[in-house]
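You will see two complexes here that share subunit A, one where it goes with subunit B and one where it goes with subunit C.
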Partner chain A sequence: MNLRELAATLGWDVQSPGAEPEGHVLGGYCGDLLSHALANAKPGEIWITIQHHANIVAIAQVTGIAGVVLAGGARAADAVVERAKEAGVALYASPDSAFVLCGKIHRALAAERR
Partner chain B sequence: MRDLRADLHIHTCLSPCGELTMSPRAIVEAAARQRLDLIAITDHNTARMTGVVAQAAARHGIACLYGLELQTQEDVHLLAYFDDAQTAQRFSERIYDLLPNRDNVPEVFGDQIAVDEDETIVHTERRLLLNSLALGFEDAVEWISREGGLAVPAHVDRVPYGLIAQLGIVPEGVGLPLAEADGERLPAACAASTLVWNSDAHRPDAVGRRLTVFRVLAPTIDELRRAARGESGRGLCVLHGTSGGVG
Partner chain C sequence: MKRFAFRITPRDVEQGGIASAQLKRELREGGVSAYDARRAGIVAFEGEMNLIVHSERGGTIAVDVHPDTIDIVVEDDGPGIGDIDLALTPGYSTAPNWATELGFGAGMGLPNMQRNSDHFEIRSHIGRGTLVRSRIDRREGPLTYTAAEAAARAAAKANWASDLGVVPEEKAS
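Up next is the complex of A and B:
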């Protein structure tokens, strides 16, 4: 399943479309500690976080993750969205909690593999 | 030019994590034992105790900056210093409104007690102080500067609550002349800042355990900034204090 399909299936709000919406989502990473994300998030993963500081864009770029989905109704400020657009980083927002998002994403990706 | 032995990160009994023994008298006596010339009280998200400690410190010839340890929206601990009690107090009152309205649970977090110079309890803080403000890191730095204060990220290399743990990298465009670390040197991400050490004391015998010596003209924020830049013979170095205090 690619990022565009996943976002549409789960009804996420697109804050920044990102450069590669057709890229396949290979897994997920969940967490709000940016140093841990920097060390552990892998290319192609979708990052579930409530952290909406501008540094998420830089971390997304460096790690090569597929995109960021802000959980629990968190939304990035306009300046952060602009930065994400410039960097080609996909940024979504969802009212679902991180727990619920993880469950839905895991189920969607697992269903595809069956 | 004077060499000031400074410990600019000290908690009092008002911080939930600070021991009840951290009264103004105990702190100042510990600072005197460590031959400190300059101290700053930096309780979590409040400057309430800075004035009373400054009065006690003055009697020992110890200068004070008026500080707080903010916890920003991203869970970053950020020290804020001001030259005068009034500005610190006003700042403190305004950020109080940005704290979640959640009660302290003393059995879990610890007591939040303000005392006077005679160690009489004058206030019990109901709201939990050790909590994140509805205030982002960059906004906090800017606000502190606007009030004439100095923002210094606390224990940048500590997990959690250090700047690098929480935000991975130093946010673009934020000027931080000084940065506090637990380690011997600053992480590479903080290369633009100058390293300072403080005790982060929560009990009297920890005061001055780690300190910074500033070579400056006076114990002011402007002078600390100049020392960070190494301006006109100013400078600073970090130092271990005497363990357990002297005498």
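Up next is the complex of A and C:
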């Protein structure tokens, strides 16, 4: 399942259209401490966080993750969205809490692997 | 050899990560493997954020790309680190509240830099500044993971459902 399919399945709001990678989503990382995300989020994974400032775009670029989904109704400001589009970083927003998002993403990815 | 140099402004948190993201992109375009470029990007990002959060007057990041190594030097002229061993302890942080509220200050910056370096050194004097030197030994080919990481990842993928507590449908009763 690629990121576009996952986002459509779970009803996420696409904040940076056109920046979605085609590759399969390999897993996820959840957390709001940036250095932990930098250390632990792997290429191809989706990062679930409530941080929505500009630095998350740089972290996505440096780690090579598939994209970022903002949890709990957080939304990135226009300037952050513009930076994500320029950088080719897929950015989504969801009203679900980080806990619920993790559960839904895990279920969707696990179902695909059966 | 190719050299990149960045000047980082203190407290300009909005710009944080722009230099390291640019560095990673240029390294990839210059033929550096994804694995090495990611490590260099992480070292540069943490160095960049340290300059933004902690330095008094900003500082510089200089990156030299050699055939066998990537050398990264992050330098400022103050305030300096009093206890380097303590600063390298995972979880220890002196970041101010405004930084921790944004998700910085996890106490993982210097440890992340060290972990992603093959050779790592900090020199610092209170009142004179800090110099962090990182050397990354380049790995051949377009590797994303080391062999050990790739094996661990393949095993985790094979056991995906059971590892994460999801019972596959055919086994559910």
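Keep in mind that, in the parts below, the second predicted complex is superposed on the first by the 110 of 114 C-alpha atoms of A that agree within 3 Å, B and C clash if a C-alpha of one lies under 4 Å from a C-alpha of the other, contacts with A are read in each partner's own complex, and residues count from 1 in each chain.
Simple rule for what comes next: a contact is a pair of C-beta atoms (placed from the backbone, for glycine too) under 8 Å apart; a residue touches a chain by one contact, two chains touch by 3 or more.
Predicted model, so just to flag it, every value in this text is computed and none were measured.
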Quick check on the superposition: with subunit A as the shared anchor, is it clash or fit for subunit B versus subunit C?
clash
Of the partners subunit B and subunit C, which touch A:11 in the superposed model: first, second, both, neither?
neither
According to the stated criteria, A:87 is in contact with first (subunit B), second (subunit C), both, or neither; which is it?
second
Just checking: does A:73 make contact with subunit B only, subunit C only, both, or neither of them? Give me first, second, both or neither.
neither
Could you tell me if A:113 is touching subunit B, subunit C, both of them or neither one (first, second, both, neither)?
second
For A:103, select first, second, both or neither according to whether it touches subunit B, subunit C, the two together, or no partner.
neither
Subunit A residues in contact: does subunit B have more, or subunit C?
C
A:35 contacts which: subunit B (first), subunit C (second), both, neither?
both
Once chain A of both complexes is superposed, is A:58 in touch with subunit B (first), subunit C (second), both, or neither?
both
In the superposed arrangement, does A:43 touch subunit B (first), subunit C (second), both or neither?
second
After superposing on chain A, check 9-17, 99-107, 171-179 or 207-215 and name the one in subunit B that bumps into subunit C.
171-179
Need the overlap of the two footprints on subunit A, from subunit B and from subunit C, as residue ranges.
33-36, 38, 51, 53-55, 58-59
Show me the residue ranges of subunit A that touch subunit B in the complex, using the header's touch definition.
33-38, 51, 53-55, 58-59
Which of the residues in subunit C come into contact with subunit A in the complex?
13-14, 16-18, 20-21, 24-25, 34, 38, 41-42, 44-46, 49, 102-104, 106-109, 112, 115, 144, 153, 157, 160-161, 164, 166, 168-170
Please name which positions on subunit B make contact with subunit A in the complex.
73-74, 136-138, 159-160, 164-169, 171-172
Note which residues of subunit A are touching subunit C in the complex, please.
26, 32-36, 38-39, 42-43, 49, 51, 53-55, 57-59, 61-64, 87, 106-107, 109-110, 113-114
